[in-house]
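The next block holds one structure in the form of structure tokens; read it before the comments.
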Amino acid sequence: MDPVLTSTLADMVRNAAPLLIASQGELITERAGVVNLSLDGTILLAAMAAFAVSYNTGHLGMGILAAMLIGMLVALIVIAASVFLKLNQIAVGFVLTLLCADLSTFFGRKYSGQQGQEIPYAPIPILKDIPVIGEVFFQHNILIYFSFLLVIVVWLWIYHTRFGLSLRSLGEHPAAAYVRGTRVQLWRFVYVALGGALVGLAGATYSLSVKLGWREGSTLGNGWIALAIVIFGGWRPFRIAFGAYFIVGLRALALYLQKEDVLNLPIQIINMTPWVLMLVTLIFVTSGLAESLLVIVPPRWRPAAQQLLRVKPPGALGSNFERG
Amino acid sequence: MTAFRKFLIQTSSRTALGFFPLLVGTLVALGVIVLILNHEHVEPRAVYDLIYERTLSLPENRANVVDFWLPILLCCCGLLLTFTAGLWNIGIEGQITMGAVGATSIALFVKLPHNQQILTELFMAGAAGGAWALFTGIMRTRGGVNEIFGGVAMNFLASNFSTYLLVGPWSPPNATGSATVRFPDYSLLPSMDKYRLSPITIYITLTAFIFVLLTLSGSRWGLQLRAMGKNQKSAQMLGVPTERNIWLAMLMCGIMAGLAGGHLVLFRRSNLPANVSGGIGFLSLLVVLLASVRVRWVPIVSFAFALLYSAGLPLRTRLQLDSSLVGIFLGILVFCVLIFDGVRQRLQERIEQRKLLAASGGEKSPPPPTIEIQIGEEVSSGSSSN
Amino acid sequence: MRLEIREISKNFGPLKANDHISFTFEGGHIYAILGENGAGKSTLMKILSGYQAASSGQIVIDGKPVQINSPHHAIAHGIGMLYQDPLDFAPLTVLENYIEGKPFSFFMHRRDAEADLMARCKVLGFSLNPNAMVESLTVGERQQLEIVRLLSLGVGILILDEPTTGISAEQKSQLFQTLKNLAQEQNMTVILVSHKLADVEELCDEVLVLRRGKLVGHRLLPCETEIMVQMMFGKRLSQTSSQPLYTEKPVLKIHKLTVPARLFTIQNINLQVREGEVIGLAGLDGSGQVQFMRAIAGLGRPTWADQLTAIFALVGLWWVFGKVLDESSAVLNLAHIAILILVLGPLLKSLYPFIRQRSKQAEATEIILHGQSIGWRGYRDLLGRGVAYLAAGRLEEGLVAGLTLVDHAALANRSSLPYVNWLQAWRRTKGAITNFAIKGRPFSQIQTLSGGNQQRVSLSLLPDNLSLILLENPTRGLDVESAGHIWSLLLKRREQGTAIIFSSPDLDEVIDYSDRILVFSSGQTTLVENPEQMTTARLGELIGGKS
């Protein structure tokens, strides 16, 4: 296989890692029925914190831990405000987005442009020698491996364990989950905290591996992309992963075309393409247009195709649960 | 703790409770800022002096604050409409940017008699901002794309597009690409003699504010928007043209944001810089959130925000701080107000439940509605109106 | 199992929802609890099923006093509750619904659970497909799933809340047979909460009557219906009788209408509605009655004005985008493609069925109101032409929680003035309150009213001189008295020549008030011309597909 293509694919896997982690985190949160809108700010703040802490302490682990704690804290604020004060999750999430972004700018200004540590390169011994696949997937660092392992773990968790079943049920119909003995609020807190920690980890992945170092607003926009990918992916882990690779692939393709002078487009226009494509895809899928085009599909495969195109949010998304 | 809660419930009346969140929020935000300043070894007094000096000390500075305030107030007016209708117009940043781009496209490349020139520029600013917003609205009702995500996408599209214009077709002959050339004088909004303020913008803002005030306080359309914000399906059943109202509210908001963007390039900057909106759209969202969609509070709150925000820049040069400090202050303030408003609502609910129990002879009735910002739908783009 | 309640009381402030209720439910018997709205039935159920704690009193199961803290706890003690709106997870499969709530294990153990489910279904005679999505089941099947699930959890006391609404006659007799078997063979205690006396007489051994929170009567069945009614209401009820009032003048003609329902698509519905006629729609939940009425009312179709505005707006967008973006042809093209998708998408979507129909049949679908075709108009257009629609969810689709009665009157008043005439709105509200006997003040918020009063407000908001009113389940959640009042208000409307089409899961209601009945059954519709000769049982059979 073409070595340029292989290395491009490997780059894609690397660049998609934070998006993948963040969107899986948000998936868990939203499956529990909570919207954490603060992703964009959280990722920024977590990226800054991961860099600053590892820079100051010299331990990468501490940096990652700090990032995860920050993600968790922000997510817990959203859920606590929603559960105890019945506040609108969107409003709180939005304010936190702005606040976290400002905090990252303010506290990160000393670290801007500094040389920091990087997660060590750690190819996996045997797997790395598989042609193509080895180079694409198994010659990275541990966070990148984690990102695609996470998709599988989340999928297994959601669809094949009892924990996952109750996660789905409490996002779908909390009253029914309560009747069946699920402690709705407790599990919401747990899953939201977990999702938040993953979002924080995504920030750490940026500043410690993918976009090494810290610069003001360096990850701006990626949180929103992650949020949109969750919708695009219809709240299902593998489709979300596909969405993340798709977006990153688009960017890579655009850059490649630019380099090869195939398409003479300025970089800003290329930066716009993922957003435009995302809008077009969202419109296509959510407006029911895609579904009405399903008549082309032979009837036998129609249910499967319908299932594939289905984008139905968890039934209780964004709402409060009150017992009794 | 329970004794304290009882005490609070029994002693607090509606009006006293109303100011409680704002007071506590301000105190907490101030406290955090003082802590941060301590950590940075900067005297709070120095920051205060700097802010005072740059904003209120001299007439020119005061005029500058007002000049900064007007576009924010204009944006807030638009957001009041969309918020009332239950729409989160996060795309307002992009609408401001597009308004600026629209105004620039006329200001740089068209030459007309002065009055017509100004009118065309403002028209194009409003049209571009309005189109950006209307597109988000149509995507929501017809395409099933929630306005939050549609708006965010449109924001990024707008900012990328304006950057592209600056480095590409509109870049000045031998320059870095961070701004266009200065507009010719005939393209700029006229200024007052004494202060650097634009009377046209003042008129526009005043008209917009009075329009929104009247709309939301007594008009049929305002009532319809209010009903839609609370329950869109029911409003439709009662005969409210919900889809058209969504478009109209978005369009209005977009036009106002576009005009604000036009003011930024045609008067404040006299050219189109990169990142022209500079976050005033999000700032306006914060204002409207803080004022809980109460029209009368908006001018005051937005003025206070504008004052602080416009004082942000010198912090970096003079005190080695960063302008984001102001952002942190405002963020914490709004966050705390939201939180304590939630606390207040829960308290009030309890009071009213007690009263209801006592008054109705104990007939069990649902809790009184909470006054909070309504959003039409959860963040899913699954459902579309109509 | 033997369930004993001792001196159960529940107070909400000074209100006594349950006032020292004591009773012993013996195993192997089937009990009915009767009472009007607010009699304390639902409070007692909530206490037994663990949703609320009693203010005082004791619950004793098999001689042991127990403390029930949550619904799950109640199941652990052997009390299972079947709720009226099934508490299950629609987008999950039957099997997943069955597994959720079982004692915990880390993995799902699908195969074991499936075998278990199938075995239990076989014993009870239910046929459930474990891999079907719950949203594709009928209400009756969802009930069966819930019963199997509760039994698998070792429930010995089964409480059923209005289990016969929305299920077919066949499913009902199957349910009753199952319950009788369970009581006899497994010594289960079955408690039925219902207001349908016929069901109670058919199924139960003993009946308890609650009134104002007190247990006022206990009878062994069979006993006379009159006695039960008198115990429930403390007086005799006069039945609202409905005399036919229709003329021969047609209001609405429906020709070959095709409606997609949840499970089937119903082809070729033909119906002619005359002035002053009442048409009842009967059928299982989700058989297409609602979709049928919504298709007539034009809900989900954009109005003509909105379509025009959309086209106008999109042309405007095209122009502005062209003006602003003409610096970059690539962006312009993308924007234009996006706009094209937005314009053409919905257009194609709405044109598609039309085209398909044209190509297949010589005559197209037509809905004709007073001689004019209305099949392409939206709801707001039709509201102006005298068609009104009341949905079942009053606070979801109909009234706006948080607005006052006066606000509603102002909203519903169709006028072209830019401002609101509050004085007029206030007067209208005042008038409505007296005319419709609404218990509420003009400035009280709508959600503080009771269900019956909310429904009255909805009726009062309808414009005068309507040609057609469409109602989904008009008496949902109302007791007999409120329901009677709502119906007398509705029937009065016929005097102006208004035709009424309504759907209801309550077959008695359909038979009592309809001049003709349209039965929806698995993708077919049948018109019943003379409901006076109809019995509930026969109608139930029709719904179930027996002809």
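Per-chain numbering from 1; labels A, B and C assigned in written order.
In the analysis below, contacts are C-beta pairs under 8 Å (C-beta built on N, C-alpha and C of every residue); 3 or more make two chains touch, one makes a residue touch a chain.
Please read all numbers here as calculations on a predicted model, not as lab measurements.
Can the chain contact pattern be summarised as a line, a ring, a star, a complete graph, or none of these (other)?
complete
Using the touch rule from the top, work out which pair, A-C or B-C, shares more C-beta pairs.
Looking at contacts between chains, B-C has the larger number.
Once you find the CA centre of subunit A and the CA centre of subunit B, what distance in Å lies between them?
28
Rounded to the nearest whole Å, what is the centre-to-centre distance of subunit A and subunit C, using the mean of the C-alpha atoms as each centre?
40
Could you give the separation in Å between the centres of subunit B and subunit C, each centre being the mean of its C-alpha atoms?
Taking the average C-alpha coordinate of subunit B and of subunit C, the gap between them is 42 Å.
Show the residues in subunit C shared as contacts by 2 or more other chains, in ascending order.
328, 331, 338, 341-342, 345-346
Touching two or more other chains, which residues of subunit B qualify?
Residues 139, 142-143, 161, 164, 168 of subunit B each touch two or more of the other chains.
Using the touch rule from the top of the page, what residues of subunit A touch 2 or more other chains?
269, 272, 276, 279, 283, 287-288, 312, in rising order.
Considering only the defined contacts, which subunit A positions touch subunit C in the complex?
160-163, 165-166, 168-169, 172-173, 175-182, 265, 269, 272-273, 276, 279-280, 283-284, 287-289, 292, 295, 312, 315, 323-324
Given the complex with subunit B, which residues does subunit C contribute to the contact?
Counting only subunit C, the residues touching subunit B are 12-15, 17, 300, 302-303, 305-306, 309-310, 313-314, 316-317, 320-321, 323-325, 327-328, 331, 338-339, 341-342, 345-346, 379-380, 383, 389-391, 395-403, 407-408, 410-412, 414-415, 417-420, 445, 447-448, 461.
If you look only at subunit B, which of its residues touch subunit C in the complex?
98, 101-102, 105, 124, 127-128, 130-131, 134-135, 138-139, 142-143, 161, 164-165, 168-170, 218-221, 223-224, 226-227, 230-231, 233-241, 243-244, 247, 357-358, 361-366, 368-369, 386
Which stretch or stretches of subunit C touch subunit A in the complex?
46, 51-52, 70-72, 75, 81, 87-92, 96, 99-101, 104-108, 328, 330-331, 334, 337-338, 341-342, 345-346, 348-349, 352
Spell out the residues on subunit A that touch subunit B in their complex, using ranges where they run on.
35, 37, 81, 84-88, 90-92, 94-96, 98-99, 101-103, 105-106, 109, 221, 224, 227-228, 231, 266, 268-269, 271-272, 275-276, 278-279, 282-283, 286-288, 311-313, 317-319
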